[in-house]
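Have a look at these structures, which come just after this line.
Shared chain: subunit A. Partners: subunit B in the first complex, subunit C in the second.
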Partner chain A sequence: MFQVALGILTAIGGFVDIGDLVTNAQVGARFGLSLGWIVVFGVIGICVFAEMSGRVAAVSGRATFDLVRERLGPRVGLVNLVASMAVTMLTFVAEIGGVALALQLVSSVNYLLIVPFVGFVVWLILWRAKFSVMENVLGLFGLALIAFAVALWQLGPDWGDLLHRMAVVDKPGDEQWRTLAYYGVALFGAAMTPYEVFFFSSGGVEERWTAKDLRVMRANVFIGFPLGGMLSLAIAGSAAMVFGPLDASVDTLGQVGLPVAVALGKIGLAVALVGFVAATLGAACECGLSVGYSLSQFYGWQWGKYVKPAVAARFHLVLALTTILATGVLLTKVDPILVTEFSVVFSAVALPLTYFPILVVANDPDYMGEHANGRLANGLGSFYLVVIGVAALAAIPLMIVTRMGA
Partner chain B sequence: MKNPPRWRRAGVVTAVVLTLLTAVGCAPGTPDGDSWRIDAQRAVADASTAVQTAELALRLHGHDRIFDRYLQTVLVEAEKGIGTASTAIGSKQPPRAERERYDTVTGQIGEAASLISTTRIAVVDRETSRYDALADRLADAAAALSRLEDDLQHPPVRTAG
Partner chain C sequence: MGERDRLAGALDAVLHLLDRQVVDVEGRLVCKVDDVELTVFEDGVLGVTGLLSGPAALVPRFAHDGLGRRLHDYYRRLGGPQLDHDDPYRIDLELVERLGSGVELNVRREGVLVPQGERGRRLNDLLQMPVQDLAGVQLGGVLDVRLEPETQEPGRRIRVVGLVVGRGRPGSYFGYDRRPDMGPWLVRNVVRRLHRHSAYAALDDLDQLDWNAGVIRVDPARLQELEPA
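So, the complex of A and B:
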């Protein structure tokens, strides 16, 4: 019971990352909760595919992408590897930048000076911390983002109106449909970020899940993820309450926290700041590991934190090099919020390459035996794959025609 | 008569394209009135966001709901945001009919940027007694930018003579 509760709590706390924080606040300020249904839709999608990848890990004892090359061949595997790794790397840069921006809010020291420190801490965690400690500690501290839900409640919205806006596809009069569509794709990409599935399935192998753990895994996914999605909606809702009436947009992490200060004052803001740091740091570690996992799994190297670094030397070398690379990219003065915006859109582009192989492997009785996908999982997976395909095709054209939603 | 070899034709085409690109790249293009107004509206909206955020953060500080360092960071970010908006519209060549409003837009954004800088300086120096007055000035600047944004929704009014 304790394991189930811990798993659910860390799944909630670990659900939100810099992409969710920024995109939900931006959308909430501009469109209210009129795109809230996309978050709900995206959360259902990530639940469907996370359950499949978790099931693959538990039943086969191998991470999904360990099987992709074997099942789909090296060529498809390589395309999958390059696309997913590129997006995860971009997200890794955004998350490290997010931690630095969060610490800048606490210290008022320029984030560029903080970035090397954050890079070092991320590498240290990836090198030294136990997998379970990393996942549980950062996940539990990430729960501090519940401050946004409390803030939304304190701001006293008209709940009926909020729910009505979520249920009806509409836009403010001064916005264009294509801009709404662009942010819809961005929200969808933020909710279904590929690294979450890499991390989830490889984490299952790290924690040595077996078929007996399927119930716990499903509880994490089907309770933890939707509750994490509620935090995303709370971020959007509180931004809508504070910035909507001002007709102001949200472009910085400092603005994302202001609704909590309005509703709850300094204590609430301090809690939200802890949430910012934990959520972005946790996501940074997950992204870094995901890059290491996918590369090592593709080339058949020894990987994972459950073995000593000396045994998985190439895996740890990848972790160190990618952390240096991500830190270096941020030191070029590239705007972390801009990187975040790109990362969620390119996540949407890479979604089919990430999720199609999961559906194929989870449906293969040779690997899954009696635990292969049933009709419901296949139906939902296929339906989402079509939607993902449409979102992937639309993402870049929408980004160009709307000038990134400007 | 022999046709010129393919590589030569390709060379000529490349040279023409490069010349055109260089010419276009050297002189800023003049956008038409509608697209200039869209860009101007966007810049004014971004400036307005920066000013309103600065005002909100300052008022929250007045009610002891925000930390000094958080306020300082929000103001630095607002200053950066309005600077970007100012550069974006300032570097665009306005159509002749919009010259007057170009001056108004760049002037008002410049004034607002200067006000945010003044606020940031006061906050860094912890001159708390000035916060209320600065918040009021920021509110006035935000209202003026909002009026300008509304005005930019229409083409310029032609005056007789």
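So, the complex of A and C:
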């Protein structure tokens, strides 16, 4: 029971990352909750995807990029690997930048001075910390983001009106439909980031799941992720309450946290900042690991934190080089918020590459035996295959015609 | 991991063996099955004798023409004076305990990968051969290679019994040919439609399997309907 509760709590805290924070606050400030249904839609999608990949990992012991290689072969698989790693790398840069920006809010030290320190801490965690400790500690501290839900409640919105805006497809009068569509794809990409699934399925292998653990896994996914999605909506809702009437846009992490300060004062803001640091640091670790997982699984190297670093030497070398690279990119003074905006859109582009092989293998009785997809999983799975495909094709054209939602 | 040993019955080399993870007796990861070593035995039987791994096995799989060939040239160039640069690592079939969702070895991973030395035939050579009818008209390529274990003397062998012939890439069937009931409906129907011209050719029914010229000839009348392994 304790394990189940812990898993759910860390799933909630682990769901929100820099992409969710920034995108939800931006969209909330600009469009209110009129795109809230995309978040709900994206959360159901990530539940479907994560449940399938978690089930495959538990039953067959194979994680995402094992399956990509086995089903797509080395040629298409390599294209897939490069694209997925590039997007995860972009997200990794954004998350490390997010940690540094959050620490800048606390310390008033320029984030560029904090970045190398954050990179070092991330590497240290990846190298030394036990998998379960990393997961649980950062996930639980990430729960501090509940401050946003409390803030929304304190701001006292008209709940009926809020829900009504989520339920109907409409836009503020001064916005264009294509801008709305662009932010819709961005929100979808923020909710369904590929690394979350790489990490989730590889984490299942790390924790040595078997078919017996399927119920716990499902509880984590079907309770934890939707509650994490509620936090996303709370971020959007509180941004809508504070920024909506001012017609202001959100361009910094400080502005993301402002609604909490308005509603709850200093203490609330302090709690939210703890949440920022934990959520982005946790996500940074997950992204870093995901790069190592993907590459190692593709080439068959020993990976994982369930063995000593000396046994998985190549894996840990990749983790170290990846962290150095991500830190280096941030030191070029590139704006982490801009990197975040790119990362969520390219997440939507890269999603079908890993979704498709997992959907196929989740149906393959050779791998899955009696645990192959049922009607519900296949119905939803096929529906989301089409949706993910459309979002992937639409993402870059929308990005160009709206000039990134300008 | 799956319950049954895939090597105990008929299997398809690309679908069930190629690109799988190799795991040692302690559960540590070793490598991928980048290619499979095929040998023509003294009695003329074509069979599997080992697993191949490493860049020297993987690089040729990208393609045998165009960009793939250039990639292989670049790879050779990187090797320069190294004699064994184009020599893949090999794991003898004797060291394989069973085949589930991965290949499980019966030894520890230390020193298990040894240079292949003299180059044998490879599964990939078969997969990159065009299949033609007797007049030389292109029928397609080899999508998969059907294997079957042989238990009687002279000892355990896994022999090649036939080819899945069709258009498209090896492995692009995703297993939907073997399982007419495998879901989801949408993917199954698209994949089966793309592969509607695929067929099975028993090895004995081939008119020609020329390793040197790299071509397979078969009388289209002898192609059979594809049955699950």
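The rule we apply is simple: the second predicted complex is superposed on the first by the 406 of 406 C-alpha atoms of A that agree within 3 Å, B and C clash if a C-alpha of one lies under 4 Å from a C-alpha of the other, contacts with A are read in each partner's own complex, and residues count from 1 in each chain.
By definition in this document, contacts are C-beta pairs under 8 Å (C-beta built on N, C-alpha and C of every residue); 3 or more make two chains touch, one makes a residue touch a chain.
All values derive from a computational prediction rather than experimental measurement.
Q: On subunit A, do subunit B and subunit C fit together or clash when superposed?
A: Taken together on subunit A, subunit C would fit alongside subunit B, as the superposition shows.
Q: Considering only touches as defined above, state whether A:107 meets subunit B (first), subunit C (second), both or neither.
A: In the superposed model, A:107 contacts subunit B only, not subunit C.
Q: Mind working out whether A:71 is in touch with subunit B, subunit C, both or neither, as first, second, both or neither?
A: Only subunit C; A:71 stays clear of subunit B.
Q: For A:251, is the partner it touches subunit B (first), subunit C (second), both, or none of the two (neither)?
A: first
Q: According to the stated criteria, A:301 is in contact with first (subunit B), second (subunit C), both, or neither; which is it?
A: After superposing on A, A:301 lies in contact with subunit C but is clear of subunit B.
Q: Between subunit B and subunit C, point out the one touching more subunit A residues.
A: For subunit A, the partner with the higher number of touched residues is C.
Q: Per the contact definition in the header, classify A:52: touching subunit B only (first), subunit C only (second), both, or neither.
A: neither
Q: Give the angle at the C-alpha centre of subunit A formed by the C-alpha centres of subunit B and subunit C in the superposed arrangement, rounded to the nearest 10 degrees.
A: So the angle at the centre of subunit A is 120 degrees.
Q: Between subunit B (first) and subunit C (second), which, if any, makes contact with A:118: first, second, both or neither?
A: neither
Q: Output check: A:231 vs subunit B and subunit C. Expected answer is one of first, second, both, neither. What do you get?
A: The answer is neither, since A:231 touches no partner chain.
Q: Looking at A:318 after the superposition, I want to know if it touches subunit B, subunit C, both of them or none. Which is it: first, second, both, neither?
A: Neither subunit B nor subunit C is touched by A:318.
Q: Looking at the superposed set of three chains, what is the minimum CA distance between subunit B and subunit C in Å?
A: The answer for the closest subunit B-subunit C C-alpha pair is 24 Å.
Q: In the complex formed with subunit A, which residues of subunit B make contact?
A: Against subunit A, the touching part of subunit B is residues 42, 45-46, 48-49, 52-53, 56-57, 60, 63-70, 72-74, 76-77, 81, 146.
Q: Can you tell me which positions in subunit A touch subunit B when the two form their complex?
A: 104-108, 242, 246-249, 251-252, 254-255, 257-258, 261-262, 265-266, 269-270, 273, 406
Q: Show which residues of subunit C lie in contact with subunit A when the two form their complex.
A: 1-3, 6, 14, 16, 18-22, 28-32, 34, 53, 58, 61-63, 68, 101-102, 169-171, 174-175, 179, 182-187
Q: Along subunit A, where are the residues that touch subunit C in the complex?
A: That would be residues 60-62, 66, 69-78, 296-303, 307, 311, 356, 359-360, 363-367, 369, 372-373, 378-379, 381-382, 385-386 of subunit A.
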